[in-house]
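Look at the two complexes coming up: subunit A is in both, with subunit B in one and subunit C in the other.
This part shows the complex of A and B:
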């Protein structure tokens, strides 16, 4: 779902004061760190695992979102002990620490909003154990998603959640942002597959929490507190992941709807009938037009395209569920094409994968939204997106994980035009409000980070935010861990 | 898994001081509450929803475990506002509050260890909404598990986790203890099915946390912090539960092993081959003997009986997976009997359901353990149980959820014999230690409560416990919510 280009030549934002209405002031990596801290950091990680080179600091000032924040120093720890030592120093000097993986985040989570130390975890990248009998993998946070799944292949196992950036993103980042993907509709998100964690707390203390057993009610569930906490509660240094046997068969079909309501109904019929698709994707007409131009594929004239995948243990079962889904889609006025071969299935997936790059070509800038609504509200949300697009005069193209109600409206604009940039941000706010009005959430899988922080209190009550803040304060008394994120970025 | 008899005539524990080596002092409901508090509580809930009658206080001094603790007053709130008002009073008067559902807990979670106010949630028992399109149910905490599933039946939906006490236990209690059951091997525990909660915090403030959407990374995951927190972080007043379409077909088979190692291997072969059983149960020879005597069923001479269930969307698929499991079991030297009819399947499940009552007849007292180990360590754990049984001269019969490595060794003894009672408790400690040595946990689905609190720090590091305590303190500054539980019960 994300462009993984680091846009270092990105034009700075306009300074009319209004454009950042909802955004925190940028850190400029002002080089305010004391030399004694830099010396101490170098003693911990060694000179080869640290830099203050301006160009490098600039390279690491972005993730895959529109956010920017320059660190003052970058460290690449290689051991849990080094992570712990760095955090202890950060407390001593009261300097922010922001952990980061591959930087594919779409919400600014790993952007060092307040400067300080950027801790890049990519050099802690060992797969420590694959326990086939118990279907568990113990990994360091810097392991790339694809590398882990490649290593699991010979055992017939896989890690189901499949973020679009899987080829490059790291497991640590996936856990920190509770990454999802296309298979979430059947298999859930990372939250459902993390069983235990080694975490260096903001104070530098190290804990191991969770269990090698899936069932465990021994004390508070700290694992799920760390999952999705966006690097604000500590640094994950080891993760014990639950695995699953790779399904033997998978079949794919696409379905084209002339009416968004029909598409919405088809999705929830397929889900409530127990057909358990392993993917239920959607692309709207704007996305399809871009994809068609980008790939040269000829697509029927329609309001939306759905893609369903079914996987399972026996081919006959997978076929039966696909056939039933086809019937339901046809009964809802959709035109269905079943992929009759692996090549045809690949063609369908190529279209879906082309969505992000195809849209990125249309305009210089984009905001990738992640609004998520109850599945029954999908047609309403799609209509609201259309209305907001017209109201603000912005092209908003939408694709996403229909089976989870998880949409990625992409607001396309040119950031060099201050007026357009302002409208884009106001449109983003309206999208957020629409999702919440429909009973949804700001973010299904990208995280709040910096991008959605200004809207956070639209979703959460003051008291709920106070509970989160109290937990944060209990774990991070000096507020050094990834400050400025989630609720803290608002004015 | 639980006897649901409230044993009010239970003999008090011996007072030689050693028998409770690991147990907290009993509360005696000493009637220390100020009259002005009682008056204020009556003003909140009304005289019909409150009692200080000694017999009632005694009736509510137990759950289904061996623990005992008399409250000073019982209230049955009917609204969230009443729960909030009671908690505010409790803070003002610094009096403990223990929430309770049906009292089927097997670890002492709802036993008011320090007296004070017992808050029984059974009168908040409305099913507020069944949202079929989004497969969600909104319920009050006092709804009985079976009643909810009955209400879901017409829609073809169900709530998968199936605690053995489902006929009487409440949803609130299931969430507080992260209840599991036989289907957990496929469907997980309550943790996997709670999507949002209304919680009255210990301070009396009310929050709604979580989302109507399954995917949500908007702020810290407080939902999973409350699930399994055993009533120590607040009172659940509403729960939004995720539902699932009822599988169309289910087939059952039993398998008898002459050797525990064979049984263990069969279980993990079935799991790692992706056969996704919806139950993978075990009963050892002691349990089988008791069950055979209790039910009159003739069972083969063996070390262990396994029961597998497979469910799914098409009969052919369910059959194929069952056949493959049969092959794997036979290849592992097990004797398999496939249930050829629903009646035969029921007979097999009757045997499993008879385990608890059959064992309860053997001796006057029992401790139900809940040790859980990685599946590959099942044979080792079963051997260790045998060794501990011999060492302490106690009969320990074991059944449980083999597919989760979740065993329920039942230590059978007579509490009136102080020496035997002491040995029983020492044996329980050894079981806990064995599970931890094998990489497991103290409790898979019963909770720590009072029963396992003395062993808590065998599983968790000082730092991890400090994190839990810090969170507890942040949410419950006066320590009024269900004190004496989890880590607080130790000497």
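This part shows the complex of A and C:
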């Protein structure tokens, strides 16, 4: 190949009212922060926990989404008191503050859309308490998901929601974005596992909300107001998490459907018979083709592949549920392969894990969507995705969590081609519309952030948005916490 | 006025393949020490991309982050997009230098030393006179001959015990660190100098205790110098000697050993089992470290990082020693002069009770 050189003009440009372009014209920084503020910040966190180096600012301008926003300064607080002091300063100077964990977000949540202070929580990373008797863990927000689960292992406990970024993502980020994962079909998302929180409010005041008890009807449920609030209502500085006994057995099977409707019916039967799978995944034919080419695995000709996992505490129970599920799948014309050994189980999971890398090889850029529909509408949504793909001439490959209707259509394109990038954004909008028409939601586990903010009012009424705004105003009178997200559709 | 540095299309598409998922945070050893994204694989790929897009003017801070990656390849193992990070960053460094931007001061000094003296030490080093032609030539590599001569003695002792006739070549530097850092031309010149001596010696087989020299001679010498030479890492050669019964261990050492997979030997050359086989043949009981085989952590001294970014290299070495301590091992064994040197320095500060040894030294004790 010749040394063909491509120069790209990606310099963020002012909004011209057109659809999204790469990079979306977010922040180039709020402008120069006053030296007195920088000095005060340095006094709070210390010089080693702060930077204004241009290269670092740029490295923290993005997450795993397409969004871009450069902070003016990065701080790494180490205590609740420091978080509080920084927020007080931000209020005094009216400067935006964006909290960030590992920056694995797929919707732009930790991208500082309006510049200002980026508050990276990764240095508050202590596991403070593992309360085995009550199955609770108290942690700081920067604890990495995998580290917490490793620490729980000796006690036979685990924190069930399993985001794909678990090896690196932080608990604070998981709570702020209400992360889910493959096991959500059985165990729910982070919302279901957060029992109490210490939060520094945007004004700098610190509250502890929630209870150490499982049941608690004492006042408004503020805990779940903060879960999924995407860093717009305050900074989480401690979290009390529920834990669960780690299942001893897990069995896996795959099932191939020649018809999407059959796949939908199989999922329906398995769920409604009370077989409680701990995963019910789906990959469509585009994903399977890519996976097959990538891994060399031979897969039957089909429209979709399902993967079911059943976990539990006795082998007989798990095996019985798996057998029942096999029967139900075969009755709906699916071809079932049960993993007879651990090696075969990992072969099946290997196919699922290969989905992202296999697709990443097809085109240089991708938008990972997160549309979620009622489970019964799964086949309809898959058909709508196919239609949108043809209409916009875009390759859209879909995989996701069939058991909770949470699909990840991946729109594949080349962002260096502005026309194709524009079509990708338009296709994303159509996907959002289709999910809403089917009674679904814009996002199951990635959050609205910046990516889906332009579509927000498609899902929520004006009055509902007004209620949200009123809550925001009450907690954050100066609008300093993570501005530009959720309902503020950007500049 | 911004200096835009252009990158070849194949490098750009590699950069674009990174969708910034951040999984490399769990693997990158420089990130583990520095704790900010610019020192992580994701950050480095982003910076390179910003540079090509004209958003970032290469400055000192940028160069330091780019050149401090010692190509250990841990990020590539966890990368779901399969980005060839080390190769991509090498190409970016090449492009940067090609655009007339100087490398960081310490890197330039290293290149100068290697080209002037044939070694990284910025001084003339006495080399053993080259012996007469023998079928086996031991190429020591710079780090072993200057800083860890025990390894050279050990290799010789094992060869002698096996009744093999060999000659020893103590230099010049093969150019591996320069090549990996993107100083291609300087690397080629260093390689040419060594190729000349190798041609003159004309061995059938070169064996070396250094994984970097092994990779350089095997993979890059043919293209850089036109010299194709049969080369084997000492662990692979010694395993063969053991299996063929030519090398006999007279006694065993019963200690608990942690084995550190050198990143080049393991991930680059795929040699995981030969050193482990030598370990158990020696009687050592292996206590695997948490990050082992493909996931091994870099010692920090790879690519001569201890000369270019000493603070970072030392911190990385300490982390690895602390990991070894957690296995409860009596001795930390490795199979690379740079790793050995890293750990020998690090244990002085964090773990005086932990012995450190190269696998060749263990064998030499037992023949």
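What we mean here is this: the second predicted complex is superposed on the first by the 464 of 491 C-alpha atoms of A that agree within 3 Å, B and C clash if a C-alpha of one lies under 4 Å from a C-alpha of the other, contacts with A are read in each partner's own complex, and residues count from 1 in each chain.
Here is the rule we use: a contact is a pair of C-beta atoms (placed from the backbone, for glycine too) under 8 Å apart; a residue touches a chain by one contact, two chains touch by 3 or more.
Predicted, not measured: the structure shown is a model, and the values here were computed from it.
Visitor: A:152 in the overlay: touching subunit B, subunit C, both, or neither? Say first, second, both or neither.
Guide: neither
Visitor: Of subunit B and subunit C, which one touches more of subunit A's residues?
Guide: Ranking subunit B and subunit C by residues of subunit A touched puts B first.
Visitor: For A:397, using the defined touch cut-off, is the partner it touches subunit B, subunit C, both, or neither? Pick first, second, both or neither.
Guide: neither
Visitor: Looking at the overlay, does A:165 come into contact with subunit B only (first), subunit C only (second), both, or neither?
Guide: In the superposition, A:165 contacts subunit C only.
Visitor: With both complexes superposed on chain A, which partner does A:89 reach: first (subunit B), second (subunit C), both or neither?
Guide: Once the two structures are laid over each other on A, A:89 reaches no partner at all.
Visitor: Tell me which partner A:270 touches in the superposition: subunit B (first), subunit C (second), both or neither.
Guide: Neither partner.
Visitor: Just checking: does A:255 make contact with subunit B only, subunit C only, both, or neither of them? Give me first, second, both or neither.
Guide: neither
Visitor: Pick one for A:60: touches subunit B only (first), subunit C only (second), both, or neither.
Guide: Touch partner of A:60: subunit C, not subunit B.
Visitor: Find the residues of subunit A that appear in the contact set with subunit B and again in the contact set with subunit C.
Guide: Of subunit A, no residue contacts subunit B in one complex and subunit C in the other.
Visitor: Okay, in this complex, where on subunit A does subunit C touch?
Guide: My answer: residues 1, 3-11, 51, 53-56, 58-60, 62-64, 74, 76, 102-104, 122-123, 144, 146, 165, 167-169, 353, 356-357, 360-361, 364-366, 368, 415-416.
Visitor: Which part of subunit B faces subunit A closely enough to touch in the complex?
Guide: That would be residues 131-136, 156-157, 177-178, 180, 184, 188-189, 191-192, 201, 205-209, 211-222, 224-225, 227-230, 233, 244-248, 268, 271-276, 312-314, 316-317, 320-321, 372-376, 401, 404-406, 439-448, 452, 456, 459-461, 463-465, 467-468, 470-475, 486-487 of subunit B.
Visitor: Using the touch rule from the top, collect the residues of subunit C that touch subunit A in their complex.
Guide: 4, 6-10, 12-13, 16-17, 19-23, 25-26, 35-38, 40, 42-43, 46-47, 50, 52-56, 59, 61-62, 65, 78-82
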